[in-house]
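Got a structure for you, questions after.
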Amino acid sequence: MIQEYLGYAFSFLAVVLAISTIIQKNPVYSAASLIGVMLMLACNYVLLNAEFIAAIQVIVYVGAIMVLFVFVIMLLNIEYAKREKLYYRGRIFGVIIGVALLLKLLIVGYSMAIKIQQGDLPVPKDLDSTKVVGKYLFSNYILPFEVISVVLLIGIIGAVVLGRKERPNGEQKEEVVVKTIGSTH
Amino acid sequence: MFDFIVLIPLFPAFGAFLNGIYGVFRSNWADKPSHTIGIASIGLAFGLMLLLVYKMVSVPIVLLALVPALGAFLAFIFGYRWSDKLVSIIGVGSIGISFILSVLAFWKLIHLEPEARFIEVVFYKWMISGDLSLDIAFLLDPLSAVMILVVTGVGFLIHVYSVGYMHNDPSYPRFFAYLNLFVFFMLILVMANNFPMMFIGWEGVGLCSYLLIGFWFEDDYNAYAGNKAFIVNRIGDFGFLLGMFLIFVTFGSLNYKDVFETASRVLSYNGFTVTAITLLLFVGATGKSSQIPLYVWLPDAMAGPTPVSALIHAATMVTAGVYMVARCNALYTLAPISMAVVATIGALTAIFAASMGFAQRDIKRILAYSTISQLGYMFLGVGVAAFSAGIFHLVTHAFFKALLFLSAGSVIHAMGGEQDVMKMGGLKGHIKKTFIVSLVGTLAIAGAPGLSGFFSKDEILWQAYSSPYGSVFLWAIGVITAGMTAFYMFRWLFLIFFGEERMDHETKHHIHESPNVMLVPLYILAFLSIVGGYIGIPESLGGKNHFHHFLEPVTRYAYKIEGPHYSHALEYALMIVSVAVAFAGFAIAYICYVKNPSIPVKFAESYRNIYRWVYNKYFVDELYEFLFVKGTLNTCFGLKAFDEKGIDGAVNGTGKSLYWSSILTSKLQTGYIYHYVWGIVLGLLILLF
Amino acid sequence: MISQMNFFLLTGLLIFGIGALGLLIRRNLIICFMSIELMLNGVNLIFVTFSHYLQSAVGVLYVLFIMALAAAEVAIGLAIILLIYRLKGTVDMDSLNTMKG
Amino acid sequence: MANFDFLSISPDLVLIAFAVLFLLMGSFSRTPGVHNYNMLSISAFSLAILFNLLLFGSKRFGFYDMMLYDELAGIFRFIFYGIGIIVSLMSDPYIEGKIKHKGEYYALIILSIVGMSFIATSYDLIMLVLGVEAMSLSVYILAGMFKHDEASAEASIKYFLLGAFSTAIMLLGIAFVYGTVGTTNYSLIVQNYNKYLHGGIQTGIFLFGVAAILAGVLFKIAAVPFHMWTPDVYEGAPTSVTAFMISGVKAASFFMLIRVFLIALKVAVFNFVDIMVFISIITMTLGNIAALTQRNIKRMLAYSSIAHAGYMLIGFVALNKTGLAAIVFYLIAYALMNLGAFAVLVLLEEKGKDLEHVSGCGFLYPFLGLMMTIFMFSMVGLPPTGGFMGKFYVFKGALEAGYLWLVIIAVLNSAVSAYFYLRVLVYMFFEKPIDAGGALRTSSATVTTALVLTSVGILFLGIFPQFFFEITTKYMTYLP
């Protein structure tokens, strides 16, 4: 029973923080709210007997991804972002279709009921979630596990290729020219 | 035994290919051997491909001996520097070989039994999927035999003529490449044994026509004319394509043989499907053969070089519609409504185009309207189920209209590019040979008894009266048109060759007769225009009507209705009426443009007389305008206005609405990511609900 | 009263929808990107919920993979955003419409 | 079934090995700029083709039913690797001097194709997702590879944000499919659906999931209204990358559509036929109409690719053997003609990107003019080109399924499209050249090879269509 109420509380907080994420002007607050959402979801995962995922959620999402976010936000000029006007007429259409989508999603979520007793890859009663994940990840999901390494490799390449600063060919020369012109003045 | 007919279209294709390569690469053509070898290898590869494909047709292996022969041929060509002379040899030679092969095919064909004159040669099985098989296959039957003779024969003469006419043009090889390509597609069109292949030819000739109209594309007007022809033809092509789809849906096949043989069983007489099919096909025909309401492009198409006008826009391509209707006679005869539409459109086009011919000043535009009018005749012929008469007129028209155009070209050549007939006159003495052949052509088109036009036109008129699909109205329109034709064609002749010399002094000084390479084709065409009619002398005149009997097997699947029989006396009477009307047209033209008030002998007398003559001539013109301005001319100017505003407007209107919707859709593409997200969410919502 | 499963589902869907809404109305690239993370988190919750109530490990494994995907995506996305910032000096979407029409 | 069938993924393993080699060459070589990466990558693809050839003809499950290699997947692997070869051929002269990370460029192309290959062999939705991500993430990076070009960066971020959004939607769909049938394995989905779901609300929710997956797939194939990223991204990305996207990514996405919706979700596909008919109509119409007024050739081709997607969707809504096999045929022709056209643009781009800039190029560079003529004819759908045959087979499939009116609309559309395709030729041949840009590098041997390959391929498809169509029909075993 207490678990149920805890679930309600965490979910409520998660939704509130999610709304806060998208309506903050300052990206730093947004990121903070998002971290909050993730923590709340981690709590929910614990309630749903997925402790391993909860831990990973905190370590990977909060500890790595969101740190990266905050790091990048710090590199950018936040002042400009603060000037964004949130409410004006042009956005009404976006809000309308967003709310329509939301309503449809809620209807689906409300009417969902499980018809199947047992899904694929059954979870034995005596194993905890970490063991389950380990068992299936290295047997049934071995190929996806290897393929995800390719995806991560691509991510690394992307970060390296796009993130590295480089001068265009010949720009250096122009700079020198500009400098010399500047010095003559 | 008939396998060789596949070579008939292939030779023009080969010529087009070689000249095209040369035309494209000429600007950076060097004497480097590498270029020569490169092009030679391309040519060899092409030849080899032809032969490989040819081999798939299970032709005797002996033909493979052609490979070394071809190699030697290419070595000969590329061993020397490529020149314009070589271009003409390739261009004309390939058509010439085609012509010889066509004659051979025809010769072999008429030695078969009439029932056996239906030969299909499968060249290559293009695709087979399910129940549909599409072959590149050629059909040789009396109809296509006649057509290939006309196409290659007249085409050959016009090619020869072009050698003289186009010489010194900077794009000489390109011209011959296009012209050969056109002949290739035209041969595909007439030799196809199924609808898709016919459609390929149909589109191909349209493309070549577009390219050739805009041949001198440096001039904006020419490019405009080319675009107009292209757009109008596309409209017609939808009709053709839809008709083709409908045939496929109905018959499950697109082969002529399958469709026509089963037509009477699959379709009901006067049923909706057959009417829809035939009307849709006819929409295609109105585009290609420039009938009401899609005739507007043809007069503008005269922007192309004159040999093009002669070959494409008079003798061959524009008659494709007539050929198509005649080819589909088994379908058309099942749909009396369509037949009536075809005949009516043909008759109306004939008379309206003729009336428009009155008001033109451009030497080629007059002929263009005349072509439209004569095409109307042909449709009138096929529309009253007189298929052989229509094709007969097609053949004779090819002769005399090509002759007229080429003579016009010769006149333009002589005048140094001048095309306004009001600035000509009195050329009879300067270019006598051209005058004589023009006279023959004019007499033939006017229907002078004994010349080719007389027989074919009379055959159509008689059938318009006597056929079960015909009526006295159609006949009357035809006869009136005959008179009008005689009038404006003689007006054309008189304005050019008779009367005062209205050109300026310098032009006059440079008038010269064309070279022999242009004149010889004219002589041959003139000869054909005179004797061409004797292949189909009607029985009432004591002839055997060989042409009709030769084409009879083509209409064997046609739905036949028995019409009433008329006596020969009636036929004579009608014939006399039409000749009389034609003569009246000639007489009016003569009075208006030559006789009144003076005769050419008085030319040199004095300036005063000449002045008076000019005055009177204008008086005649004004009288003529005064008399007709409230009648025909008004109509015809009105039609011209309608032509320019209404139909061009419709064509442009479609374009414009497309243009604006395009701008509108581009506006949707704002460049903002969130708008794109809106699009995605909207799509998601559509999918979810 | 709705069951607890529906409750978790609704939470996940709400978070997903809020993320979509953020993408629909916000113009800051960083925040839009965070909205996508929000959507992925919503999906994750749904997967875990299903996994729990179906007694099946598939959902949990999916969450693992989605996290890895998100990590790769974030690495690339932030690199691109930095690239944009370096070129244009702003991360506002309104400046990103040089191509349109 | 611990069937560790490494043979069936051997082509991908080869490619991954080469990609890693490229990356290492970039870091450990002292002269990273001078390697012939394009030749290496061509040899990688050739090796992959060789391995695939060894496999071809067999049908093998592998890795706990995570993948299924069948003949159609093999055909698509051939298509992807072929596209890889041609893109490698045309890239080198174009990116020379503009991209410093040449090794990474080719590595990303290879990894993207590995992703496509995993899409082709996927037998579980997780493999599909990973394949899609590997493919798309590489392309996001590739699109932004011109780091000093604002358009390139803009294209990259647009594609990235919208792509990530569509991935999220697709994952949501997968979540609900999983929730209703309890599995994501292709064959088990069908089994469980037939076992547990018999109409009612649960089926509705299953269809909700399917619709979300469909939205993700339609985003990748740029169907209206998910198309809006296409013109911007294709215009802004480097031309060689655009060629890769327009051919490779599109082919992979269509195969994704076929594979997922005709193996795993075939139970639901008939619920979406009506809406797909509608989508295919607006897709081709909008693509063609919007392309009419484009001045930028790349943008015009982008809109034209939307229209082509619309034509191909006709084959999908026909849902019969002819129509589906026709999609494969059409994709091959489509990939060839787009690669060819972009190979021409790669060379002409130094002159400028607009129609005016190619004025007169047809006679200045006759070879390019001739090639462009072939490609544009194929795009219009004029015989004897592959484009014509592709359209023909697609329409035939639709006619067999009774969609006469749909075919009529498509034919009208392709008539409209003739205008803007042929306008390119009109500019190339019938306009006076303008004096923009200097002399072109028109004599790149690799690009010429690519042009010859693509043009010969298109003509081959047009003249001997039987060969390919029989193969595709024979192996099109996915039927609803």
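To keep things simple, chains are lettered A, B, C and D as they appear, and every chain counts its residues starting from 1.
Note that a contact is a pair of C-beta atoms (placed from the backbone, for glycine too) under 8 Å apart; a residue touches a chain by one contact, two chains touch by 3 or more.
What you see is a predicted model, and the numbers here were worked out from it, not measured in a lab.
Visitor: Chains in contact with chain C and with chain D: which ones?
Guide: Chains that touch both chain C and chain D, as defined above, are A, B.
Visitor: From the C-alpha centre of chain A to that of chain B, how far is it in Å?
Guide: Measuring from centre to centre gives 70 Å for this pair.
Visitor: What is the distance in Å between the mean C-alpha positions of chain A and chain C?
Guide: A distance of 5 Å separates the two centres.
Visitor: Take the average of all CA coordinates in chain B, do the same for chain D, and state the distance between these two points in whole angstrom.
Guide: 44
Visitor: Rounded to the nearest whole Å, what is the centre-to-centre distance of chain B and chain C, using the mean of the C-alpha atoms as each centre?
Guide: 65
Visitor: Could you say which residues in chain C touch two or more other chains, in rising order?
Guide: 16, 19-20, 23-27, 32-33, 50, 54, 56, 58-59, 61, 65, 69, 72-73, 76, 80-81, 83, 96, 98-101
Visitor: If I count partner chains per residue in chain D, which residues reach a count of at least 2?
Guide: 126, 130, 133, 137, 140-141, 144, 147-148, 156-158, 161, 165, 176, 178-179, 182-184, 208, 231-232, 294
Visitor: Counting only residues that touch at least two other chains, what does the list for chain A look like?
Guide: Those would be 94, 97-98, 101, 108, 112-114, 116, 118-120, 141, 144, 148, 151, 154-155, 158, 161-162.
Visitor: What topology does the chain contact graph adopt: line, ring, star, complete, or other?
Guide: Drawn as a graph, the chains make a fully connected set, so complete.
Visitor: Please give the residue numbers of chain C that touch chain B in the complex, ascending.
Guide: Result: residues 20, 23-27, 32, 93-94, 96-101 of chain C touch chain B.
Visitor: Residues of chain C touching chain A in their complex?
Guide: Per the stated touch rule, the residues are 2-22, 24-28, 30-31, 33-35, 37-38, 41, 44-45, 48-61, 63-65, 67-76, 78-83, 85-86, 89-92.
Visitor: Applying the document's contact rule, which stretches of chain A touch chain B when the two form their complex?
Guide: 93-94, 97-98, 100-101, 104
Visitor: Can you check the complex and tell me which residues of chain D touch chain C?
Guide: So the residues of chain D touching chain C come out as 126, 129-130, 133, 137, 140-141, 144, 147-148, 150-151, 153-158, 160-161, 164-165, 167-168, 171-172, 174-176, 178-179, 182-184, 231-232, 235-236, 294, 299.
Visitor: Chain C touches which residues of chain A in the complex?
Guide: These residues of chain A touch chain C: 4, 7-8, 11, 14-15, 18-19, 21-22, 24, 27, 30-31, 34, 37-38, 41, 44-45, 48-50, 52-53, 56-57, 60-61, 64-65, 68-69, 72-73, 75-77, 80-81, 84, 86, 91, 94-95, 97-99, 101-102, 105-106, 108-110, 112-114, 116-123, 129, 132-133, 135-137, 141, 144, 148, 151-152, 154-156, 158-159, 161-163, 165.
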